[in-house]
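Chain lettering (A, B, C and D) follows the sequence in which the chains are written, and residue indices restart at 1 in each chain.
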Amino acid sequence: MLKVAIVGASGYTGLELIRILHCHPEVAVTCLTSEQSAGKSISDIFPTLRGRCDLLLENLEPVRIAEKADLVFTALPHKAAMEVVPTFLKLGKKVVDLSADYRLSDPAVYGEWYEPHMNPAYLKKAVYGLPEIRRSKIKGAKLVANPGCYPTSIILGLAPLLKKGLIRTQSIIADSASGVTGAGRSAKVDSLYCEVNEGYKAYGVGGIHRHTPEIEQELSLLAGVSLKVTFTPHLVPMDRGILSTIYAAPLNELTTAKLINLYEEFYEGEPFVRVLPHGRLPSTSFVRGSNFCDIAPMIDTRTGRIIVVSAIDNLVKGASGQAVQNMNLICGFPETTGLDALALFP
Amino acid sequence: MLKVAIVGASGYTGLELIRILHCHPEVAVTCLTSEQSAGKSISDIFPTLRGRCDLLLENLEPVRIAEKADLVFTALPHKAAMEVVPTFLKLGKKVVDLSADYRLSDPAVYGEWYEPHMNPAYLKKAVYGLPEIRRSKIKGAKLVANPGCYPTSIILGLAPLLKKGLIRTQSIIADSASGVTGAGRSAKVDSLYCEVNEGYKAYGVGGIHRHTPEIEQELSLLAGVSLKVTFTPHLVPMDRGILSTIYAAPLNELTTAKLINLYEEFYEGEPFVRVLPHGRLPSTSFVRGSNFCDIAPMIDTRTGRIIVVSAIDNLVKGASGQAVQNMNLICGFPETTGLDALALFP
Amino acid sequence: MLKVAIVGASGYTGLELIRILHCHPEVAVTCLTSEQSAGKSISDIFPTLRGRCDLLLENLEPVRIAEKADLVFTALPHKAAMEVVPTFLKLGKKVVDLSADYRLSDPAVYGEWYEPHMNPAYLKKAVYGLPEIRRSKIKGAKLVANPGCYPTSIILGLAPLLKKGLIRTQSIIADSASGVTGAGRSAKVDSLYCEVNEGYKAYGVGGIHRHTPEIEQELSLLAGVSLKVTFTPHLVPMDRGILSTIYAAPLNELTTAKLINLYEEFYEGEPFVRVLPHGRLPSTSFVRGSNFCDIAPMIDTRTGRIIVVSAIDNLVKGASGQAVQNMNLICGFPETTGLDALALFP
Amino acid sequence: MLKVAIVGASGYTGLELIRILHCHPEVAVTCLTSEQSAGKSISDIFPTLRGRCDLLLENLEPVRIAEKADLVFTALPHKAAMEVVPTFLKLGKKVVDLSADYRLSDPAVYGEWYEPHMNPAYLKKAVYGLPEIRRSKIKGAKLVANPGCYPTSIILGLAPLLKKGLIRTQSIIADSASGVTGAGRSAKVDSLYCEVNEGYKAYGVGGIHRHTPEIEQELSLLAGVSLKVTFTPHLVPMDRGILSTIYAAPLNELTTAKLINLYEEFYEGEPFVRVLPHGRLPSTSFVRGSNFCDIAPMIDTRTGRIIVVSAIDNLVKGASGQAVQNMNLICGFPETTGLDALALFP
């Protein structure tokens, strides 16, 4: 049994890791931390766990935690993660980091969008954990930077087009929408039920959302040239899910049938990507609670644009499910272990 | 591997059976039926299943279905169930019936609340499938009448009090509320998103809801005397969940501590009943997607009344999860097989 | 034009007062206060108001506010209200207080449920502002204690029965459910979208909710004897609305038809109470945004109990709409002025 | 008093017309029709109206209706509208048609997207009823084609840019999202609560939504050249609201400040358009129940693209509110009469 610690267990991605790992036959969760709720049982914070996982939450003392675990999931805000990740690595632990701290390979870019990086040397050691495009590197990694939720949906939606060089690289517009778990679990007026419910809005418009450089980094790598995107996030009154509607200009004429064919080939054998048949469109409700990414590429024949719609559960394929998928790869478990559950619908 | 058919697979309880059985290691779903959608793939009806269960929906031809299955789940409306259940039984199949057709042991009562029963002789053979109070009988059953959702929450909430003879049997008021999946998946104006959303209402008030006789039958059996209840269902704008707030007058003075103790003893060892500690209250969101029933009994010290609050997921412990629990008992599998998943929260 | 100040304008009841008064032809809102947001425009807090009400929020300095207003609405938390209300009264201003501070006539009861009262002498001067049962007193009042939301729905639901002496006074159980605006607008984890959404729960169970003594005070006055109630509040995932399902034992046999007749007579001429015809039931969505209270009384013929279902919008008839109704009475405007708007559905 | 008939009163736009006109001092609603519910009271269909508007629903007999009304709102599905509108016009009635039947000036285009037009001669007489760009023509109109909901949000969002010739006309992408009332009130599985709730999806992707030609017609008129747009609608789990996020390429360099200035000038004096200040973004919840269109234009400085976000209530500015605004213009009432109500938030 692999012993696993979850650092930052009282947030939604922490809970989701516990939920998923509860059904993972090769893993035992041995340690949970929470600065705010240390000393309490995790099942007092999240009553869903009562009787199944009643571990006490501990303070974040890396050395003591490392004694109990072989692998550590860090589900912390940015900055908090890079304060502890190096210690875990030095103590020989493997780390899957769900924060943004090791996703950007260039410390200057990190500095521009966040703040000066505390341990830039580690950026080179980190592997960006999107298995569908980086599987072999992840297998040997000690530190996996688990991708952001919006980037996951957008990169998977565009990878086949960029890899094959089929679109104008400066033409990309990604219009995305997220459920409210994306805003985390801290007490803010903006996240109150009555502020969010029955409303739909854009936020971070104009290229200012912090997922922008992550999206551009990975899309540029896929394209082989540096590119910029227009990325607009929206907030949807629902708990879970991200849907991205992505627009791009093709270099040559294409049909929807050809596009679907291309995507099916690109993602052949992928256990968690479903390319939808012609006429079917994704919905976040069809992936809720599962690790799937559903994708529908098509041509707007009137304007010639390519439109790709992709959907994930932001807490699963967009966070904790993908983190477990990465753990499976690192540890040599079958990649889908613990991730078999179908979406909960309705 | 046990071969299983799901009759009436295009409704929500049918889908929920498929979802749960997908993770059951001893079962293979071999046959799905739907009168409305025969010939289509189930994954065209429910895209959550794409790539994992793409069986074609068949017409409801009992003999042909029986050839493919060892056990049949009938997830049909009342009346439609009793039209086919006897055939399955005659062909030697075990049946877990999710409709109301075999829950009432007295055909006269069935006739009063529904219509004349078509095969009253089978009512005696059917076992009411609430494992926590009828486990040994279920183990030997060929026909299990899977309990209704409201009755499950109310009977589990009151069983310890009635079994121990602690309350005035005519004092029971059950005030319950359900998510909208309880109304099924048929196209009705009353179930439209905009009719239901942002509203809360009572319905079937005054002892006219068809779950009333089922509740009274089982509570009377537990009490050892015939009793009547006031049962008021409400509709909550959410997908899943039933919460019952139950009022009763104690025969003798009691404290909340004693009550909790009593419930803990009564349900000791039960894998799916959680008696909450003093000060904790159930929420439907803490059981969503799981087979748990959470119960909190307490005393209103100002009025002396007993109040019991219980919560289930109406599609799981209130329908398909309980049906799988019953299947496990009938077939000799460990009772929790396939039902380990934790609730999905948020 | 009556000049009006709203003290505590950055909460939901404050906003609702602004919304309603915007269409009131006899009133000008001249002053808004907010301790947290002083200096900002109210339309930066609530963008619904942009271009229609862009007043700057002021600090709560009673003397200065009194200079600008003839009447003051205090939409503050309890305790904060009684710190300023006496000053407004001394300066000759009329006050409609939306807090709990002047609702309980007995300072000992206030002390038991809240804390020691700071100006108990004012309790006798305050009139409990439920127009349907206290209209003439309100007309001459200088301080109106605007009723709580749950109490409004329960008192209006029971007034005819108690006034006519038709029920056993100790038999009352009020099972109520509220939308989330009832929890206010302060940043708390418990009120986050993802904590509330898709869940239904009871809270404050066992006679511990602070509306209990208010309900009992008014019901006792109606009944002419001291009585206690079992009151259980629930939280519904919706913005607005309270629905109360109330149970009581009749002293003599009654029919639903007689009950409806009795209620229609009792509320004849009331502009904001609608007694529903036989077979119709209230829903919170039918009163959303309006000042109506919809009531359906009936008999459960199987158990003989009376069941009354009543619905209001907690922010309108349960708070700001009723406050404007009280203002109209105090100031001699037609009682329905500014309150004509129909419910917003869907 | 203007006598008004609402044809097709049992749908959501019909109800919304009744709600708005209830507070209009110059109008009396004298006649309501509904084919499905003729003979019933409108308040049995929509209990919000009980006691305020209890008119009986009538069959759709144009001649008889015309006797009772000076102006007719036709809130019918397409085709049903053009079956009766000519009769009303011939009888000298003014008509505001909320269907799509008279919005497209070219019958060939109508035929391509819908079916052959039954009375193409009337297309020339109809005035497209978007007051902000067609006010003077509307004033003299006998037949107003009330704009679609998506087109209203998109045309108002782009009008200043196209009128001033500031963007590449073939660069427009409109990514829009609507609440569920946009799908109407007919009983369909796809509109059931549990199918829609907790999900976000695109639909009609690829230039196939029927609002596309209406958007292109009006944008082309504003631009002075024929243009095509990529328009993608999405469905949001909420009752009301449309938000459009619109992308376009500027011809020359622009700043957000200049853009806002331009929009403010263009919409100066418009009672129902609010151009938001820098840093503020629209939300559908800020316009819910009101006739406002909130607009925020800005530059994505990293990619140079213009992004405009606009929000309306699809049932008010996107349908019935705009229809009343048009009625006011036709009949010479002040344009804002009956439309003063502020948005209901939360």
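Everything below uses one rule, namely that a contact is a pair of C-beta atoms (placed from the backbone, for glycine too) under 8 Å apart; a residue touches a chain by one contact, two chains touch by 3 or more.
Worth saying up front: this structure is predicted, and the values here are computed from it rather than measured.
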Quiz item: When B-C is set beside C-D, which has more C-beta pairs in contact?
Solution: B-C
Self-check item: Option in A-B, A-C or A-D whose residue-number contact pairs overlap B-D by over half
Solution: A-C
Quiz prompt | Distance between chain centroids, defined by C-alpha means - chain B, chain C (Å) | solution = 38
Quiz item: If you average the Cα atoms of chain A and of chain C to get two centres, how far apart are those centres in Å?
Solution: 45
Quiz item: Between chain C and chain D, what's the gap in Å when you average each chain's C-alpha atoms?
Solution: 36
Self-check item: Per-residue overlap in chain C, given as positions that touch at least 2 other chains
Solution: 12, 181, 194-195, 197-198, 237-240, 283, 286, 288, 346
Self-check item: Graph class of chain-chain contacts, one of line, ring, star, complete, other
Solution: complete
Self-check item: chain A-touching residues of chain C, taken from the complex the two chains share
Solution: 12, 180-181, 185-189, 191-198, 237-239
Quiz item: What part of chain D is in contact with chain C in the complex they form?
Solution: 12, 15, 18-19, 22-23, 46-53, 180-181, 198, 239-240, 274, 276, 280, 283, 286-290, 292, 294, 340-346
Quiz prompt | chain C - residues contacting chain B, complex | solution = 170, 173, 175, 177, 179, 194-195, 197-203, 205-207, 212, 228-230, 232, 234, 236-241, 243, 245, 247, 256, 281-286, 288, 296, 298-303, 305, 307, 309, 311, 346
